[in-house]
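Pasting a structure below so you can have a look.
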Amino acid sequence: MRKLLFVLLVVVMVVPLAACGGKATPTKAPVATKAPVATKAPAPAVKTLTIGFTASETGKYNVESTGQELGLKLWAKRVNGAGGLKLNDGNTYKIALKSYDDESKKERVQQLYTRLINDDKVDLLVSPYSSGLTDAAAVIAEQYKKIMVTTGAASDATYKKGYAHVFQLYTPASRYLTSVLDLLKAKDPSAKKVAIVYEKSKFATAVAVGAKAYAEKNGFNVVMYEGYDSGTSDFGPFINKIAANKPDAIIGGGHYQDGSTFSKQLYEKKVPVKLVGILVAPSSPKFAELGDAAVGITAPAQWAAGANYSPETAKAAGFEWFGPSSGEIIKAFAGAGVKEPSYQAVGGYAAGLILEKALLTAGSPEVAKVKKALEDMKIMIFYGSYNVDTSAGAHGLQIAHDMVVIQWQKVSGKLQKVIVWPEAAKTHSAIYPLR
Amino acid sequence: MSINTLAASIIDGLLIGFVYGIAAMGLTLIWGVMEVINLSHGALIALGMFGALLAVQSFGLYPYLAFILVAAFGLVLGIIVYSIAIHRILDAPDLTTLLSTFAVSMIIIGAGTAAFTTSPRNIEFSLGSVNVGSSIILGTKVVAAIIAIITTVLLYLFLYRTRTGKSIRAVANNRAAAELMGIPSTKILALSFGIGTLLAMGSGALIATLFPFTILSGSTYELKSFVIGVLGGLGNPAGSLVGGLILGFIEGLIPNFMDTSWTPVIEFALFVLILLVKPQGLFGSEE
Amino acid sequence: MKRVFTSPFLWLGVAFFVVLAAWPMATNDPTLREDLFLILMFITMALSLNIILGFTGYVNFGHIVFFGLGGYMGIYVMSILHWGLFTAMLVGGISASVLAFILGAIILRLRGAYFALATIGINEMMLAFVSNFKPFGSGIGLSLDFGVYKAYGGAGKALWLSFILLAIAALLAFIITFVLKKSKFGLGLMVIREDEDAAMVMGIPTPTFKNLAYTLSAFLPGVVGVLYFFKNGNIEPGEAFNLEMSIEVLVMIMLGGFGTVSGPVIGAALYEEIRSWLIVNPLLQSMHLVVAGILLLAIILFVPIGVVGWIRQRLPLVRRYLE
């Protein structure tokens, strides 16, 4: 009897053990993407190049991250549609994408990037969406010396930790709001008083720190510099405090919820201010639901439809032009049923283009060569310029890409996002002063 | 800090305090009647917000009519939730009801995310504003405060003047004794949970006329409702309103003296402190 | 005490953890290591929470506070003071325990739902406080240079090291829980759970017992916090004091069996299993939170004693082997 019981007990103890081991299998199944063509190409010179990443199919980054994923897919579709990448090593490479759902959670990211590298043997990596998740992924990429191009990851800190294989596409957080300040300076040299108010989150704080330094360097007077809690539901008293400081411009914000509430209440309280620059929230098409409160709100964006980067602007800036035009990208997205792609979604496409150019320059997918190519590259694509810092202290930090500034305006009675800055890219003149 | 800004901020704080009060009323009622801390309260508030959004945007209803409809829907939903998720485990340890209401919250948030994503939404609606001294007071906020007061009075009359209301209070005081007196406690409990949900969803619909929101917005109000619960005591609508006003007053006051991001630190410190000193609430009676 | 250490259940459990730790090492499989890292982390969190929740009967929603504070203290001494990982782990564990001791002296007077609410309040207060606390980097948090991993033979080795250390922490949590359950102290805690007033009448120094249990339950989460954020390379307020994760750990305990020794272990593994199944299932993917909610509700309504409790109830003969 005791023996029997012992056997039973072993079974009970082994069941969860097997469950743990078996756990490896379910998540192994790819969530969304699969190599579309790889098996169809028997020619010996055609090889498959796998690019791995995680996307947040669920959780708080769901909207931005799945957009980014779509961008990458559309890029891969274009490359494969053109017969793949023909490199100098004599091979033609078809692109395959491999991704898992990270649930917008950091604890999943390292697990899944380790799997991408070890089990799926991906050749190159693209980052998840958001600075926090990318930070965790970078540790793994660097550990295995895999190239990772980051998109949707603006925080500067990631690139100051000594990584040698991580390359940034986005304008870093410290420069997010500087173009709004440039706009203010150009519009009205007498406007000096700036209030910087930001959500106490990692990204928004990093942006605020950078904006403050830039403002002070450029002769602005920062009359207020204050963070607010992420859960703030009513900004009334806070806005009174801001108004009491009589700023010419209010810049800051954080995420969707707080950014849109803040914008709405600034309007309702009729705060006399000449320029308002808010992070993130105004770039969402849903921001239009604010109605009149949205009019005149500006926001920095990595890219916006209508930004006219072209071979000509590239030449003027001394950059090499590469890849398709903005128009083609928008068409590709429209073909996939997305009428107004966000800058996050288009950023996925841009990350693919950067990898494509690096591969072409390197002539082979060898890590050392691609790394060298990404370090030396100085190009302009439809998304803007790309050139990274190569010093030991900030390796991979983006230094060339600039933000555009968008503003919500009523164009023939309809609320629309238009580009108002920089001069070279603008489609409309900014509403200034706001009130 | 000038006296004008201080006054304006306190007025703003008190106005939002009415909204906090009505948002907390449902939670404290359920807590007071059946000793269940409803962790789906925040999700229900968010559901109320989206209910109002649907009614206004898809059916073109006037926002305050939407408020009544959403609240009525809340009553029905609450009774359903009670009979599925609460009734069986009412006498189980605290952890059980906490987790079962949390499960309800997961279901609502999950379905809401699938249906609406987590993007921010807004009901464009305005009643203009009036200038009082240097401060600007919004019409929608004044109406929200009035609705909060009316709701409080109606709830008070219901609980203290009607037979059903008295039964609810009897069940809250001593369920066994109430049953002996012939009060159908199951029906009364289901009704109480329904009224709690009505208040939660109704307050969500009201908040939706004031601020933009997402499906995750309810959690802020849920946390504040806990604080109000211990400030104002349980099961007493006037207590909730006063608790909400105190919270609003604090929120109006703090930014004048320190960084506004310290507000939650002070709020929750106060919360824990009151829990320790007087767990029945500042205005609660001794048991 | 001797009988405690000859229990077949204890040695089976120890063997289980050793196998779990050795498996990815033997097969040199970093992917399996990463999967197991999460499971072991949840197991440790669940086992330690079970001391105050399962044995003593105090519903603690704020267990994650100890994880977050330990993580912050550990990463702080590593990034700013350049201390080693082992010292940092100790710092993390001890500071979590000290916090628990102080908090315990104050809030363990509250009973039932009031205690539960206070723990939520404390978590939110810590989150807001750390977001404003400059030495901890306010909203940005702290991060480690990639260079710190060099001291442990590079990032690759450092990840293996943190896995092994975590496995040891999990094993420790298991042994502590088992010994506790068999000890007089543990018995005292369970008396408090069943009837605190009676416990006092019986002469159990309830405040001391409760506070000791609370302090003990905080140590390992503090250590695990250091390991987890060391592995991630950075720490932010929202992740360190994430109420949602606290509740997930509670759910694991409910799933496995409240107040048992193997319950939290099985619950944590099972929870992970169900979750990954839900997430990859194309039909349920977008509704996975809904399905998880329905499952949780079903367990609470129909199997409130959890998997282990259910087995023990149905198969009395197994009880000796399944604590």
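Letters A, B and C mark the chains in the order given here, with residues in each chain numbered from 1 onward.
Throughout what follows, a contact is a pair of C-beta atoms (placed from the backbone, for glycine too) under 8 Å apart; a residue touches a chain by one contact, two chains touch by 3 or more.
The model shown is predicted, which means the values in this text are computed figures rather than measured ones.
By the count of C-beta pairs in contact, the leading chain pair is A-C.
Distance from chain B peaks, on a Cα-centroid basis, for A.
Rounded to whole angstrom, the centroid-to-centroid distance between chain B and chain C, based on C-alpha atoms, equals 33 Å. Centres computed as Cα averages put chain A at a distance of 34 Å from chain C. Touching two or more other chains at once are residues 200, 227, 229 of chain A. Among all residues of chain C, those that touch two or more other chains are 128, 131-132, 286, 288-289. Multi-chain contact residues of chain B, defined as those touching 2 or more other chains: 113, 223, 259, 261, 264. Of all the residues in chain C, the ones that touch chain A in their complex are 8-9, 12-13, 16, 19-20, 23, 29-39, 41, 128, 131-132, 138-141, 143-147, 149, 154-156, 159, 228, 231-234, 236-239, 262, 265-266, 269-270, 272-273, 276-277, 279-280, 285-286, 288-289, 311, 315, 317-318, 320-322. Remark: chain A residues 60, 62-63, 200, 226-229, 231-234, 236-238, 240-241, 243-244, 256-257, 260-261, 264-265, 268-270, 281, 284, 286-287, 289-292 touch chain B in the complex. Residues of chain B that touch chain C in their complex: 31, 35, 37, 84-85, 88-89, 92-96, 98-100, 102-107, 109-111, 113-114, 223, 226-227, 229-230, 259, 261-262, 264-265, 268-269, 271-272, 275-276, 279.
Per the touch definition, chain A reaches chain C in the complex via residues 1, 5-6, 8-10, 12-13, 15-17, 19-24, 26-27, 29, 31, 57-58, 101, 103, 106-107, 110-111, 114-115, 118-119, 132, 135-136, 138-139, 142-144, 157, 161-163, 199-202, 204-206, 209, 227, 229-230. Chain B meets chain A in the complex at residues 1-2, 5, 8-10, 12-13, 15-16, 113, 117-124, 126, 129, 135-136, 138, 211-214, 216-217, 219-221, 223-224, 251-256, 259-261, 263-264.
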